[in-house]
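Consider the two complexes below, in which subunit A is the common component and subunit B and subunit C are the respective partners.
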Partner chain A sequence: MSEPLRQFVVADLTPMVGAVLASVACALLGNFLVLRRLSLMGDAISHAVLPGLVAAFLVAGSRATGVMFLGAAGAGLLTVIAVEALRRLTRIETGAAMGVVFSVMFALGVLMMKRAEGLENVDLDIDCVLNGQLELLFWAVPSSEPLLSAAGWRGFPPQVLTLLVVCAVCVAAVAVFFKELRLVSFDAGLATSLGYPAGMISAGLMVLVAGAVVASFQAVGSILVIAMLVCPPATARMLTDRLGRQVSISVAIAVVDAVVGYLLATRGPGLLGDEGGAVSAAGMMAVVSGGVLGMAVLGAPVHGVIARHARRWKLAREIAEEDILAMLYRIWEQRGAVGTLGVGDAVEALGGGHAARVAVKRLVRAGKVEWRDGAGADGGGGAGRSRGAVALTDAGGREARSLVRTHRLWETYLVEKVGLRSDHVHCTAMELEHHTTAQMRSELAPEGAAPAIDPQGKAIPPA
Partner chain B sequence: MGAWALQIATLAPVRVDWPGWTQVLQTLTFRAGFNSAGVVLAATVLGIAGGTVGTFALLRQRALMSDALAHATLPGIGAAYLIAVALGATGKSLPGLLAGATVTGIIGVLTVHAITRHTRLKEDAAIAAVLSVFFGAGVVLLSYIQRLPTGTQGGLNHFIYGQPAAMSLRDAALIGGAAHGAIAVAAVLLKELRAVCFDDRFAAAIGLRVFAIDLVVMGLVVLVTVIGLQAVGLMLVVSLLVVPPATARFWTDNLTRMTILSGVIGGLSGYIGASASAVLQDLPAGAVIVLTGGTFFVVSMLISPRRGVIHHAVRLATQRAAVARDHFLRGAYEVLEIRGVKPGDEAGGGFTLHEIKPGRTIGLGTRVLAAWLVRRGLLERGSAAGAAKNWALTARGHSEALRLTRNHRLWEEYLVTHAEVAPSHVDRSADRVEHALSATLVRELEEALRQQGRLPMEFATAPASVHPMGGARARAHLDAAGGGSA
Partner chain C sequence: MPALASRPEHSARSPLSIHDMTVAYQRRPVLWDVDYDAPLEPSLVAIVGPNGAGKSTLIKACLGLVPMASGQVEVFGQPYRAQRKVVGYVPQRESVDWDFPVSALDVVVMGRYAMIGWARPVTRAHKQAARECLRQVGMADLADRQISQLSGGQQQRVFLARALAQESRIYFMDEPFAGVDAATEHAIVDLLRELRSRGRTVFCVHHDLQTVEQYFDHVVLLNTRLVAAGPVATVFTHENLRKTYGGRLTVLEEAAQAVAQAARPGVSASAPSRGVAGAMTGGGIAGAGGGGGG
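Here is the complex of A and B:
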């Protein structure tokens, strides 16, 4: 093995593998926490394991991974049970119950830690527990030894091996019990009535979460583990509606977060000219996962903020276009000839707003209306083109006629079939007319059976 | 937990220099030096402010928002330090750091709000994500500051775990002053806050600006969180706001009283915690403040007379005993009724416990229950019928059993006629509700039964049951026991 490669494997690849394993284990389970609105349970557990860690250390007198794991997992379970018991016995809300339990547990942990510091040979560091020391998970092998030898293996960080086991257990558990987890996450009541032990499944999930949180400590620390639990699943939730796909996407994102975060933390300062500098890798992983979540929140194709606003804007504009065409048609109807409509009047009639102005421009561009220097049509609103007036073209006239026909057919339907009073149907019809497909229209007015006059006595234009 | 603490106490023989009583007394009465007096005073006022503001945060269900807010202050502290250093200052001035903390804390809260409002993600996920990501950013900044040549970020760590001992008198004055401000605002707006906490739609209807008041609550939460950073640390500051009101909630349903009580509990926690930390130099004050509050909480949870766990358990046990007694007596009555024994008949009035049990949920050990009923003078041992049937109702027991059976059958009647339950299904339903039949209702139902001719004019017996008496099991048992209908 070449020296640079060996160097990379020893100092970078090993911690990176640890980070990825922690990230994947947490993200897998986090999917179900996010769905069940239990994200903060991960928060509570990760705060509350501190006294468990210290207690295990003090009782066993060693930092053996197994002992610490047991202590912390015990504290995690205690937290879950205490929150549930508080909620049931005293009926205080879940948030407050969690707040009380985890802050008291954490305070106890801090106090115990402080006392433990008085002992000799204690290398239990609170910063390490909270912030994680990913960089310390390197492969401690003397440069004389080959990596893949008995002596080489001895230096392999045991935390990474623990993470490997925990991650494998999480993958196996989610794969085997996927159906049950999905059912319980979406409808615990249904799961119970189908004979699945919903309580047991929830408890099992919490045990797994506690295990994953504890195992991930060494890699990312107790607070940042929350980012790993929540951010990748939340990101995936923005991107898809299917749980299976959500789980796979969240795992992929978890891997990306871990690798990018690690590289940014260790190489980033170097790239910025700070030679040999490095910042907290665990912190950077959390920041990256937050950044990815932020991008998904903004830019997700269907559920993203931008996509949602764009959809809403497009709908508003289309409705404004249709309303303007219908207005022009009604003017034509009154006059018996093509009339003009002041842009300012149109915008005002539609309640103002940018969408209405854009709608006029788009109608002109589509050739449905044309500019006219209509005398007396000036609405007096705004400057520039909004002072002008528009009139229907032939193409626009056809569409406008169809719209008004739909409107009046709906009014007829609402009066005759739904039984509304004729002076109550206009607004409802105004809304329905924008969402009427051709098929619906033909069902509203079957061939040859279309009435000629609407409930208010106005003629229904032909198709 | 208690066992653990004990074990740890024995395993960790840390030498504590226990202070003399005079020193404890001096600290508690603010005479142990100017500085420590200032710190204890500041922590007390901070506790009062946390308890007061926390009441409204809790009732508006914003309890955990303050946790997100607290964690989100870390990057602000780091950034403020870096900016101050870049400007040539020491970077350790408290107002500067707290200003930075406020800015990122508010950004964090707004982010939670925006995510909850504009995406499909729920509030819990938004809080958890903001909390951990902002904290991660803070950790990155602190790890960078640590490597600066000027960088002794030791002071910044105090904001994570809290170190009131490191507070200067000026810091204490700042914190105490701001806390007073928070209390004053809460007191002035008490009426508005109360309206919004109980019924925000009603508040909106009477013309209050709910959004603005929520903003005030959030602003006060921000204030308390930020000034609490140095005293208890960002990990634990949430407990200043959550533990006192949750404790006060056990004792009262009146908001004004709850607010005051919560303030008192918060103040006591701050006072005791900061004093302990001032006396025992090594004790982390933030943790002690929280644990003091936690002790108040646990004690209240156990002994509160309205919502306490002990009270609840006692009430539950009393109720179960009463229900078991009713079911036992009624079981006895029905056994006698099936056998055709008239009240006052000496012969055949005896029964065994086994006859009563079948098909009936009594809920307590029958033997224990029987012994209790004997003591209450409702049941007696030994009867003319011989040793096999060694239990009998006393005269009082019999009239009580009659009353209960009547009540039960009236309920069955009610369920059949008014709730349209099938006669074969009413027995168990009546079992559950019969213990709460009002006297008026009993009279009305009796009237109905009398008109149907099912209630004898004299009240010596119960009305006939709407369903066949005794389950199949019970009858088989009676037959086997040789006690079938006479």
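Here is the complex of A and C:
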């Protein structure tokens, strides 16, 4: 193994793998917490384990990973049980119960730590609980030993091995019991009536969460744990409407968040000229996961803010185009010949707005209307032709006739079938005409039975 | 525990026998000493009563979703636990989160989970059966749509399709007609009749007194206690409805208040008035069930 590669594996890849395993385990389970509105549970557990850690240290007198894990897992389970008991015995809702339990447990842990002689100066301090010690997860192997030897393995950080086991258990549990988790998360009542023990399945999920949180926060700290429980699942939820895909996507996002966050934290300051500088890797990963969520909220293809606005804008513009065509058709009807419509008048009639102006330009480009220096308009050119006038082309005329036909068919339908008064139907028909499919149109005017005159006595144009 | 069938008043062939059921939330009694035997022949049974009368609670207690303080429930002469596979359930529509990332088909397939079993994958045959159930409720085209994109009536049909997918012998439905359009209401009625013709018995919590006679064969009138039960023609009378909705049993009401007070000593004796609705639904006892839903 070349020296730079060995250096990378020892100093960077090992902590990075630890971070990825922690992120994947948390994101996987986070899907079910977020859907069940229990996201705070991860926060609660990761804070409430502190007294467990201190107690384990006091009892065993060592900071071995196994001992710490047992103490923390015990405290995590106690938290889950205490929250559930508090919720059942009192009328406090789940969120408040979690808040009560984790703040009391965390405070208890702080007190125990102050009381425990000599404990304050070991690396088990509160900073460590929040930010983790990811940078310390390097592979402690003497440079004389090959990595893949017995001596090499002894230096491998045990936290990463713990994470590997916990992550594998989480992946296996979700893969095997996906159907059951989905059922209980969606409809616990049905689950019970079908004979699935909903309470047991929920408890099992909480045990897994406790295990994942405890294993992760030792390595990466509670801030990253909370971020990974919530951000990747929430991001994935923006991108899909199926739980299976949501879970897969959340795992992929967790991996990306962890790797990108780690590289930014360790290499970023160097690139910015701060040679040898580094920021907290766990903190950077949490920031990246929040950033990715933000991008998804804005840019997701269907549920994103931008996509939703774009759809609304497109609809408004299309409706404006159709309304302008219909206005021109009515002018043609009144005069018996092609007439012009001032762009300013059209925009005003449509309530102003940018969509109406863009609609005119698009109609011209599509060849449905053309610029005219008609009466009432002060000629083309000038201020972006906003005061010009347009007239129907042949193609536009055909579309306009079809639109007006649909409008008047709707008016007829609303009066005759729905029983509205004829002076009340114009606005409703205006709405409906923009959303009429070919099938609806044939239902409005069955073969041979199409009316010729609408309720206001206007002729319904032929198809 | 002796089987109910050994008691002279209960029959082993009855789809549902309830003996002395009492349910309490936080020690406030919601159902008191309910005794009931469903008709032997396949029937559509309406469960009717004012808000807070314990209608949903009756269903949930039968299904083991809320604990009973006392009493027994038997389905075709066997304890409910042994008979889960023959009992289908349609909860209230509001009881689930319709933003959940699943399709209509996913929800219907859930009805077959008891047949599929633990940790087994959903096979194509089960999906096919679920599609067929969606077709029966007129939702075949919407099978792959996410459930939040369905109208209220369509969501209710998804729940019904899921119940069909359970292939049960008796069904409990909690307000299947609540908040649905006329077309869905007709579709549901047709489906209920179809189920009856296939030999199923269906129990529906029902709110619309106008349609009880039109839709149902039997009726259970409930207001904390069982007021009356039997064929609609003989039981659904003005006298019984007055007892169910208007009857003020003052002593019993005071006792229920006292029980509730004893359980929660911190609360003042003058519970806030439930207003006109409270007065109309028989006051305190009906109000006592308020915590448990209608």
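In this section, the second predicted complex is superposed on the first by the 417 of 463 C-alpha atoms of A that agree within 3 Å, B and C clash if a C-alpha of one lies under 4 Å from a C-alpha of the other, contacts with A are read in each partner's own complex, and residues count from 1 in each chain.
Note that a contact is a pair of C-beta atoms (placed from the backbone, for glycine too) under 8 Å apart; a residue touches a chain by one contact, two chains touch by 3 or more.
Bear in mind the structure is a predicted one, so any value in this text is a computation, not a measurement.
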Subunit B versus subunit C as contact partner of A:Val297, first or second or both or neither: first
Contacts of A:Lys179 with subunit B and subunit C, given as first, second, both or neither: second
Contacts of A:Ser248 with subunit B and subunit C, given as first, second, both or neither: neither
Partner chain(s) touched by A:Thr428 [first = subunit B, second = subunit C, both, neither]: neither
Touching partner for A:Arg237 - first (subunit B), second (subunit C), both, neither: both
Greater subunit A contact set [subunit C / subunit B]: B
Subunit B versus subunit C as contact partner of A:Arg115, first or second or both or neither: first
Which superposed partner A:Leu190 touches (first subunit B, second subunit C, both, neither): second
Contact residues common to both interfaces of subunit A (with subunit B and with subunit C): 237
Sites on subunit A touched by subunit C in the complex: 35, 176-177, 179-180, 182-183, 185-187, 189-196, 237, 240-243, 246
Subunit C residues within the subunit A interface of the complex: 60, 63-65, 84-85, 87, 89, 91, 95-97, 100-103, 106-107, 110-111, 113-114, 116, 118-122, 146, 162, 166
Footprint of subunit B on subunit A - complex, ascending: 34, 37-40, 42-43, 47, 51, 54-55, 58-59, 78, 86, 89-93, 95-100, 103-104, 106-108, 110-112, 114-116, 118-119, 126-127, 130-131, 221, 223-227, 229-231, 233-234, 237-238, 265, 269, 277-280, 282-287, 289-290, 293, 297, 303-305, 308
List of subunit B residues in touch with subunit A within their complex: 1, 4-5, 7-8, 11-12, 14-15, 58, 61, 63-64, 67, 71, 115, 118-122, 124-125, 127-129, 131-140, 142-144, 147, 157, 160-161, 235-236, 238-239, 242-243, 245-246, 249-250, 282-284, 286-288, 290-291, 293-294, 297, 301, 307, 309, 312
